[in-house]
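Beneath this line is the structure, given in C-alpha cells, with notes to follow.
Going by the order they are written in, the chains are A, B, C and D; count residues from 1 in each one.
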Amino acid sequence: MALIKKPNIKSIPYEEFKDNETLEQMIDQLNENGTNVIVTTADQLMNWGRSNSVWPMNFGTSCCAIELMAMGAARFDMARFGFEVTRTSPRQADLILVCGTITYKMAPVLKRLYDQMADPKYVIAIGGCTCTGGPFTKSYHVVKGVDKILPVDVYVPGCPPRPEAFYYGMMQLQRKMKIENYFGTVNRKEIDAYKREEEKKEKEVINTEQEA
Amino acid sequence: MNNNTYFGGILDAVKSLTIGLKTSIKVFFEHHETEQYPENRATLTFTDRNRFCLEMPHNENNEHKCIACGLCQMACPNDSITVTSEMVTTEDGKKKKQLVKYEYNIGQCMFCNLCVTACPQGAIQFNQEFEQAVFDKSKLIKVLNHPGSKCQERPKPVIASKPTATPQGQPAGTQTTGEPKTETGETPQQEKVAATEPIETKKED
Amino acid sequence: MTLEFTTIAPSELHAEMLRQKNEQKMDFLVNLIGMDWGEEGLGVIYMLESTETGETINIKTVAEDRQNPYIPTVSDLWQIANIYEREVYDFFGIKFLNHPDMRRIFLREDWVGYPLRKDDQTELLNKLRMSDAPLSDTTKEYFLTPDGKVAEKTNTVWGADEYVVNVGPQHPSTHGVLHMRASLDGEVVKRVGLVLGYIHRGVEKISESLTYPQLLALTDRLDYFSAMQNRHALCMCIEKAMGLEVSPRVQYIRTIMDELQRVASHLIYYACMTMDTGALTAFFYTFREREEICKIFEDNFGGRVIQNYNTIGGVMYDIQPDFAAEVKKVSANIRKRFHEYQDIYTGNIIAKNRMIGVGKISREDAISLGTTGPVGRASGWMNDVRRRHPYALYENVEFKDIIRTEGDTNARHWNRMEEILESLNIIDQLIDNIPEGEYQAKRKPIIKLPEGSYYQAVESSRGELGVFIESKGDKTPYRVHYRSSSLPLANAMDTACRGQKFADLIAIGASMDFVIPDIDR
Amino acid sequence: MFDFSIVSKWFHDLLTDFIPEWLVIGIECVIVLLFIIVLYAILAIALIYLERKICAFFQCRIGPNRVGKWGLLQVFADVFKMLSKEIIKMRQSDRMLHDMAPFFILTASFLTFSCIPWNKGLEILDFNVGIFFFIAVSGIGVIGILLAGWASHSKYPMIGAMRSGAQLISYELSIGMTMLTMLLLCGTMQLSEIVQQQADYGWNIVRGHVPAVLAFIIYLIAGNAECNRGPFDLPEAESELTAGYHTEYSGMGFGFFYLAEYLNLFICAAMAATIFLGGWAPLYFPGLDGFNTIMSYIPGFVWFFGKAFFVVFLLMWIRWTYPRLRIDQLLSLEWKYLMPISMFNIILMAIVVCFGLTL
C-alpha cells in the first residue's frame, strides 16, 4: 500500500480532516488487487487534474443556493480553487452541489440532471435538507436525504452551511478524487440508489410473503 | 443634444458606456478583500453566537452537566436529538435518571437554538467548528457524551443573586474551563419547565 | 389582529363577492385560505381590502359535503384568485365551479389525496415516485348545469401546434426551481404558464404539528431573503394573540433588522437582475456590500441567511455592543457605493433599453393580481403595509413612499434601488436611539393561543407577507397559512410577458424578484 | 528589425541540399503544423488563465490561486480533466453532424490563425489576397455553430444557434467594411505587406487618424460580436439558454468550443493589432532617434504579442462591464448604427487618402 499516497490538500494537514477512516477504507477497497507503479503515477497525474478542476453545476433550490452565490462572490472567492466555472448545462459539469430541499416533485428532475452529466461525476449533499430532510423531515413532500436517489460522495451538514464549510466539503471531495483510479479498476459500483432501495423493498415483500 | 435624435442617441450611448468602463476599471485597481479560507484557518474566528455543531462540554474529570431530562429532545422541532437514559439507584437509595447516550444528528439539525435555551442545566451549547463534511452519512450522527462520562454533581441550588431577564437566552455557562459553575442564570420559570414538561411527554407517548 | 368573519353560503357567494367588489370597492383580494373544519366541512376564507378606503372584510364560506365540495369561483373578479383557488383545490380538494383551469399546481398531477385535509393519509398513499411528473396539456372545468347538477368539461391549455419552451425547473434564471412554460412565436412570448411545487415543502402542514416556538424556525426558510421579516410577522401574530407586550428595545431592534434585511434583499435583487441580463461584474458589486451586512448578521445572530433571531416576546440575543457603529459604517459605505451600481448597470444604455417599457403591468392589473411590494408600487399602487397597517415602529419613523406609475421593469428596478436608500434612512433615524431594556419579555414556557383566527402582515422585501393562524386553544396551531408575497409576483409573469421577447422574460422574471420557496411554501 | 525569413530560407536550403524538394516541403508542412497546434494550445491556455484572472480582478476577487503558484496550473488541470471526461452520445441527435460541428469551428479558427503575421518574415499563409481569405474562412465558424444547435435536437441550442446565425452574418458585414476602410489606406490585401508599410510609414491608426480610429472602434465592437463574447454572447447566453448552442456537448466536444472561443478572441485581437496597431512594427516617434533604436532592439513578435494582448485586455474589459443585449437590439445596433457609420467611414477614408490627408 505504500504506493498510494495520502491525499494532500494545501494548507490543511491530513490529520486535521474529518472522517479519515472512511477514506482509508475506500483506499483499501480500491486497491484490493494490488497496485502498479506506472499506472499509479499516471493515475495521480489524472487525479491531480480532475480534483483541481471541479466544475460545479449551477443547481440550487433554496437557501443553500444563496450561500453558493455568496461563495462565488468576492468575499469567499471560489475561483481560488478553480471552481468558479459553474456550468449551467449538466453535460459539462463534474459535480452537482445539491443545494436545498429536494421534494418529491423535484426528485425525478434531479435524477435526470444527474443522469445527464458526463462521467466522472460527483454529488455533494449540501445542508440539512439534502442530508436527511433537515428542517422538513416531518413533511409529506420532502425526500429525506438525496442519498435515496443519488450516490452521494460528501455530506456537508449545516442549515445553511457557511461558505467555508462548502469549501471544506469540496476539499473532502478533492481528497476522495485523489485516491481514485483512472486506469484499470472501477472506482465505484454505480448503483441506482433509488432502484436499490426499491429492489430491497421488493425482496422484503417477497420474503414476507414466503414466510406467510 | 436631444437624446431622441439619431446622433444624440449615439452620443448619449457612448457617454453612458464610457462611464461604465470607467467604473469597472476603477474597481479593477481596488484592493480585494477576499477571505482565503484554508489559508486563513488559524486566524478565522467567529462569535459565540454562530451555531455550527452542538456539543456537550465535559470538564477534566470527564463529567458533563446533562441530567437526561429530555427537554432538548422535546424542544427540537425535527427530532434531531435522541436522549437515551436509564434509571439508576444512587447510594442514598434515591432513584435517579442517568444519561446513557446523547445522540445528535447534525445532518438534520436546523440550528434554531431551541434545545440550548430549553436546557435547564446549560449542559449543551453550540460550538464554532464548521468543518463537518464527511463521506459517510452515519458519521453525521454524533454521540455527544464522551465514553465513560458521568453527570456532574450539582451544587446546592444557589438563590439567584442577579436574576437575568430572560428564560431564553444564551446557554448559562459557556464552559471552557473545567470548573463547575454555579447555575445563577436559572430563573424559577425554568425550574418549572423542568418540573412539568417531562410528565407531559409521557402522556403524549 | 383577530379576524371576524361574515359567513356566506356557497350558493350566494358569487353574487355577494360581485357586490363587494363593485359596490364596496373591495378590489384587493389579500388572501384566500382553504380550511378544513372537520365535521363542519371544508371551506374558504376570503380576506378582502379596499385600496381606496382601506376597509377590510373577511368572508367565510363552508361546503358541507366533504366528499365533493363545490364552491363557486371568484377568479373572474380577481385575477389572483385563479392561482389561489388552484392551490386550495390542490391541498383540500375543493372544486371551484366555473374555474377555467382545475389542475393541481403544487403537487404532482398523479398525487393521491389532499394533504392539508385533517383526515388525509397523504404519507401512506404517496411514496416517492421517480417517473417524470406528468404535465397535462388539457384541464377540467366544473360548472353547474341549469338543473343544478355539477358537470365537467375539458379545456385545452397548450395546443398541439404551439412551440412551448420549458423554462425550468432547472434553469439558471428562475432563481430556484420555478417551472415556467412559455409559448413562443419566434423570439416573442405568447403566454406563460406556471408549474409550481418543485420546492413545496409542506410547511403549512408541518406547522400544524409543531408548538409555537418550534414553528418559528420554519418561517426563515420560506422567503430566505426576508427571513427576519417573516419571523417578525409570525412572532407578532403570536404575541398579539397572546396579548404579550414586547419592550421598546425589541421593537427598535426588530425594525432595524427588518430594514437591514430589506437592504440586503434588494442588494441581492440587483445582483440577480444584473446576472440575468448578463452584466456579470455588477453582480459582484452589490454582493460585496451585502457581505458586510452578512457580517453584522453573523456577529449578532450567528446566521448569514437564516438567522433564527426573533423569538416570541423578543429576540434571541441582545445586540452586540458595536452594533450601532457597524451598521453606520455599512450604511455609509452603501451610500458611497450606490452611484457605482448606477454607473455600471442602470445608467447604461444597454440596460436602459432592456428595462424601459418592458413588461408593463397597469395599476388595475397590479391590484387584481395582488402584486404587493415594489412591483405593485411601480404600477402606481401604494400598498406598503408599513403605511396601511403600521406595526413595530413604523408609525414613529419618517419614510418616503416610493412610487412610480410606469409599471415597467425599469420602474420596478428603481423602486428597489430607492428603497435601499430609504431603508438606510429609517435605520439612521433609529440606530442612535435604541432604548435600554430587556430583549426578551417574560412569558410562560408553554404557549397556548386563545381560540380564534389571527392574521398579521408585514412588509417583507417583496411585498405583503401575512401569517394566518387559527387556534383551537392548543399548544399547536389548528391551521397556519402564509400569504406568500412571491406567489402573486410569479403569477403576474403571464400578464407582464405577453408580447415581449424571450430574453425579456428573463429580465422581467428578475425584476419581479420572486423567491421560489416562498411561492411553494 | 530581424527578418525571420532568413532562418526559414536557410533551413529550406539546408534541407534541399540532402533531400528532394517535394519531401522538404512535406517536412516543412509537418513542422509548421506542429508549430500551429502547439502555439494554438499554449495561447488558448494562456488566454483562459488571463480571462479568469482579469475577470476576477474586475469583480473585486483574486481568481485562481491554489493550483500552482498564482493558480498558473489551473488551466492545465482543466485540460486534463476535460480530456478524461465522458463524451455523451445522445439517441435523438444527428450523430454525424453533432460530432462534426466542433471541427468546423476549429477549422475556421485554425485557418484564420494561420494568416497572422507573427514577426517579420514569420507568416504561415501569406498571399496577395490575405485579408480576403481571412474574412472568407472566418465565415466557416458559423456553420459549426448552426450545426451544433441543429444536430443537438434540443430547444435551447436551437434558439442559440439561430440567434448566432443572425448575429454572425450581420456583424461580418461590419468587419468587412472596416477592413475595407483600412485597405483603402494600405492599398494592399497582403498582410505582410500591410505590416511592412506600417513599419515604414507609421501605424495605420495614426496614419489614418479620424476614420482609422472610428474603424478601430467599430472593429472592436463587431469583432467582439464575432467571437460571441459579452455583451454579444447571446448564442450562449448563460442565464437564458443555459449554455446555448453547446448545451448538449460534453467532454472534449465542449472543450473544442471552449478553446475556439478563446482562440477566436485572440485572432480578433491579433487582426486588430496587425491592421490598426502595426503588427510586429515597433513604436517609433519621428525625431527621437535614441528611443527608436532602443525600440527596434525589442523583437517583432514581442511587439506583436504585446499589442495583441493589449487588445485582448480591451475586449475583456468590455465583456466584464456591460450587460447583454437583446437580439433585436443587437441587430438594430448593427444595421442601424454600425453599418451606416462604417459606410460613411469608407467614404471619409477615401477622401482622406485621395487628398493625401494621411499623417
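As a working rule, a residue touches a chain if its C-beta (ideal position, glycine included) is under 8 Å from a C-beta of that chain, and two chains touch if they have at least 3 such contacts.
All values reported here derive from a predicted model rather than from experimental measurement.
Colleague: By mean C-alpha position, what chain is farthest away from chain D?
Modeller: Of all chains, B has its centre farthest from that of chain D.
Colleague: From the C-alpha centre of chain A to that of chain B, how far is it in Å?
Modeller: 26
Colleague: Whole-Å distance, chain C centre to chain D centre, using C-alpha means?
Modeller: 49
Colleague: Mind checking the centre-to-centre distance between chain A and chain D? Centres are C-alpha means, answer in whole Å.
Modeller: Centres of chain A and chain D (C-alpha means) sit 39 Å apart.
Colleague: Where does chain D touch two or more other chains at once, residue-wise?
Modeller: Only 58-62, 65, 238-239, 242, 320-322 qualify.
Colleague: Give the residues of chain A that touch two or more other chains, as numbers and ranges in rising order.
Modeller: 10, 73-75, 77, 80, 88, 135-136, 138, 159, 162, in rising order.
Colleague: Hunt down the residues of chain B that sit against at least two other chains at once, touch-wise.
Modeller: Correct list: 17, 20, 23-24, 27, 32-34, 36, 77, 110-111.
Colleague: Is the way these chains touch best called a line, a ring, a star, complete, or other?
Modeller: complete
Colleague: For the complex, give me every residue of chain D touching chain A.
Modeller: Interface residues on the chain D side: 52, 56, 59-67, 71, 73-74, 76-88, 238-239, 242-243, 246-251, 254.
Colleague: Please name which positions on chain D make contact with chain C in the complex.
Modeller: Residue list for chain D touching chain C: 55, 58-61, 155-156, 159, 230-231, 233-234, 237-240, 242, 320-329.
Colleague: Contact residues on chain B for chain D in the complex?
Modeller: 10, 17, 20-21, 23-25, 27-28, 30, 32-34, 36
Colleague: Mind listing the chain C positions that touch chain A in their complex?
Modeller: Residues in contact with chain A: 106-108, 115, 122-123, 126, 128-133, 169-172, 176-177, 197-203, 205-206, 209, 217-218, 221, 224-225, 268, 271, 283-284, 287-288, 290-291, 294, 304-306, 516-517.
Colleague: Can you list the residues on chain A that touch chain B in the complex?
Modeller: 9-12, 18-19, 22-23, 26, 74-77, 80, 128, 131-138, 145, 147, 152-159, 161-165, 167-169, 171-172, 176
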